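Structure below; questions to follow.
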Amino acid sequence: MHTSILIAQVLKVLAAGLLLISFAMLSARRTQQLITLFAWQGAMLFVSTCLVAYSSGLTEMYYSAALTLLLKVITLPWILNRLIRRLRAQWDTEQLVKVPTTMLAGLVLVIFAFGLAQPISLMATTITGHTLGIALAVILLAFLMMITRRKAVTQVIGFLAMENGLFLAATSATYGMPMVIELGIALDLLVGVFILGIFFFQIREQFDSLDLRHLESLKED
Amino acid sequence: MRAISFVRQFVEVVLAIAIAPLFAGWIAQCRAWLQNRSAPPLLQPYRMLRKLFFKDAALAKDASALFRTTPYVLFGTMVLAAAIIPSLVTDLPLAQVADSIALVGLFATARVFLSLAAMDIGTAFGTLGARREMMVGFLSEPALLMVLFNAFLLYGSTSLPSLVDAYRVHQYVVDPSVIFAAVAFVMVALAENARIPIDNPSTHLELTMIHEAMLLEYSARHLALVEWASSLKLFNYACIGFALFLPWGIATHGMDSGWALPVAIAALIGKLVIAGAGLALIESLSAKLRIFRAPEYLAMAFLLAVLGLLVHLLLGA
Amino acid sequence: MDILLVLGLPLLGAALLALLGARRFAPELNAGISLATLIAASFLVLHVIRHGPILAGNEQFFVDPFNVFLVALTAFVGFTTALFSRPYMRIEEHHGRVNPQRLRLYHSMYQLFMFAMLLALLTNNMGLLWVAMEAATLSTVLLVSLYRTRASLEAAWKYFILCGVGIAQALFGTILLYFAAEQALGREGMTALLWTHLNAVKGQLEPRVLGLAFVFLLVGYGTKVGLAPLHNWLPDAHAEGPTPVSAVLSGLLLNVALYAVIRCKVLVEGSIGHLLPGRMLMTFGLLSAVLGAFFIWRQRDIKRLFGYSSIEHMGIITFAFGLGGPVANFAALLHMTVHSLTKSSIFFTAGHASQTAGTQQMEGIRGMVGISPTIGWGLMLGSLAILGTPPFGVFASEFLILTTAMREHPWTTPFLLIALAVAFAGIFSRVQPMVFGESDAPPLPHSPALLPVFVHLAIVLILGIYMPAALAEWYRAAARLIG
């Protein structure tokens, strides 16, 4: 009994940590920094999934934890790091406008997400049910990051961070989706990153830059 | 009111005054190690103070009484602050009349005096530093208050000693909101104590200075007091941090055994050693921000503290 | 067995074409695999008509009149598009826009895309449906950027990011659905996401959770349907990708995405009633129809023009599903069919027309009838059909939708009429000078395969004049399922 309270506490803290990393991502300027933050987010997800698996006694949660470790902590950051090194973009910085405004918008999103998830998390029977609001907030913050950024690599990291939020939502509301679905999602994610890798080179070849400002010629006219 | 309480109060204040320069020296030493320099001796700050106290003070021609009294006011407020922060014990007679809001007020008083004194002489740098200091203070105070409100929500009191007591009772492992509050607090503490992302304590490059710019006109015993006061301020911030986030080892109400105080002192010194090293690490890893970015930095600290509040309110403890 | 063939053939084809896609005979191989898929799909249809719904593969696959009709349509348009793409891609190669390596990618991805869509249609598992939809996006991203021009890269990027974000919302909706299912069914692992199981207990699903889930699912899959205001990717992807891809995107992918929305809607309605989902579909539908129609006026590129027309029509179909009831559902299903057939045939002719003129800008395309009567008349007839001129099938379905709307929600009819009128004027005024008039463009190096165009239009015409009783019964059965 006592350990389960302890685990619940630690899970809450981990979820809060995920939210904190999302905010750090919103304000991070360097691409390299973003990848590191993404890897940390994956690591936190891994730990919290392991804890949920331990406390719920579900073996398949260990598999999805292992999948998280393999994909989000090791493989994807490695691919992204290699990619930006090949593209010589690791020192790229982004000019961010009005970080406090973005953060304020993020704060509003957090309130919105909590409000939306509140009634549902009350129904959840899982140990992590109340973190559903945080999961939704992580998704929305990643979305906000994709809106405010103009660099291709950054948008992809935002996309992946959104998937992290979705994973958290799945573990917190229902102890994870069925294994086959999770494998499918992981596969889609991996293929998506590969395709984007190909894309980066094509974009770079065509535009000599990964800045998406060049990709705004298709307008309504 | 028992006599032992007063004894403990006295021990705490004396200890704070005594080891505050040592803490500053320890940070300087860690920084030197991290930067591959040979470190100054640990007792260097004391030697510095001693040297300054034995010198003759030179005062500017136009200096008013305000300029001369400010070092004493600064030192006085910092000692008072040290008296109400539970760094060793929570059973503090003085702390009963002042909660953490008053603490913020004390810091603000010190800031106002220092800024006025800096402008008193009428040199350009002093005014510049004072204006910057006021800007930083203006933004960091709300953030600090928000951090304190976090603790207030968690333990139901704005008085630091009762927070530490409540912590003992509740035995929270750690609440999620504490993470946000802790990060925000570290950011505020760095800004308030003129540490690296906002100001560089060891710089003498006039255009980037904030804190140092205000001290340019001070000399001898006045300078010694001001320096001592700023090391006390750093010490005080560290102790607020310990009280809020790491209150282990502090002697709480009802712990009357003779061992409580030595244990508390040992715990405090241990925490200071680690905190000093951590601070030096943060300073070595980060670059100083341009002064125009300071509001952004502090706004982030404020938002993080607000986020902590939100997480606490919405997630439910 | 049939299901296995329908899914296995395109997957096998994708693997085969990944190896052989650069050879001279690759286009024929592509068409052949599509034909085989079509035959397998026809057997599946026959089976379902004779023996009713099938539940197969450990309940993972489910075929009922609703999806089998879309399977047939998908396999059919997939086959005709493969036929069309044979000469079309040869001409593109002749013009130097693609090389054999790109063609290999194109053919392999084409089959993979077909596989993903068929999987999305046939699966009984809501999670697998999501995976298949995402796979369909991923496989078409590289198709849209096939030409590697600046504009096509931009379009593909936009497509990927917007649909990626959209589909993430859908995943959240799916998670919520699973959450609700677990509450009702208990933790059963895989079975809790099976549509048939959910459908059986839909009355017990927690209404608040399902309401929220539907919002996310509608926004997520709705992005792929091209519903306004999430439609931004659609015109770009249609205009910049190769024409066969535009044809299957418009004719099939939008349908499959809408299918996903409707499957979710059936579940949600069982839990929270018709009002909220219906209203949401109607609002999104009307908005898309009106916005799409007005944007038609601002287009200069022929494929963008018809891309916006697709948005308008998907809006009308979504609106009809939102109305609900047997008649509106019937009309919506009919409209799905005729729109898919007509729009793909229009893209076929538009593709060849812009190949002949050497530009996709409509000012540059003139007098198609003079150069190639089949292309010219095909474009004209297709445009007339899509605009809802009688006696084409589009007229029949639009008429049904309009009358139902007039009876149930009279306030919506002005919007619908405005959308239809604006689209009519917009498209007709653009198409007419392209078809008639003077031109001196040279004919194409390979003779175009325009048989699919006329087959499609003939079917649309027949559906408009006389609907076979068996087909009507089939539509009705599907409409009943949707409720």
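Order of writing sets the labels: A, B and C. Residues in every chain begin at 1.
The rule is short, and it goes like this: a contact is a pair of C-beta atoms (placed from the backbone, for glycine too) under 8 Å apart; a residue touches a chain by one contact, two chains touch by 3 or more.
Owing to the predicted nature of the structure, the values given are computational and were not obtained by experimental measurement.
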{"item": "Centre-most chain, if every chain is reduced to its averaged C-alpha atoms", "value": "A"}
{"item": "By count of C-beta pairs in contact, the leading pair of chains", "value": "A-C"}
{"item": "Per Cα centroids, the chain farthest from subunit C", "value": "B"}
{"item": "Chain centre separation in whole Å, for subunit C relative to subunit B (CA means)", "value": "65"}
{"item": "Whole-Å gap between the CA centroids of subunit A and subunit C", "value": "31"}
{"item": "Approximate Å spacing (C-alpha centroids) for the pair subunit A, subunit B", "value": "36"}
{"item": "Contacts with two or more other chains, residues of subunit A listed in rising order", "value": "none"}
{"item": "Of subunit C, residues touching subunit A in the complex", "value": "125, 127-128, 130-131, 134-135, 138, 141-142, 145, 148-151, 153-158, 160-161, 164-165, 168, 171-172, 174-176, 178-179, 182-183, 187, 189-190, 192-193, 206, 208-209, 212, 236, 239-240, 295, 298, 300"}
{"item": "In the complex, subunit B residues that touch subunit A", "value": "172-180, 183, 295-296, 299-300, 303-304, 306-307, 310-311, 314-316"}
{"item": "Complex interface listing, subunit A residues touching subunit C", "value": "60, 116, 119-120, 123-125, 136, 139, 143, 146, 152, 155, 159, 162-163, 166, 169-170, 173-175, 177-181, 184-185, 187-188, 191-192, 195-196, 198-199, 202-203, 205-207, 212, 214-218, 220-221"}
{"item": "Residue ranges of subunit A in contact with subunit B within the complex", "value": "6, 9-10, 12-13, 15-17, 19-20, 23, 27, 99-100, 103-104, 106-107, 110-111, 114, 118, 130-131, 133-134"}
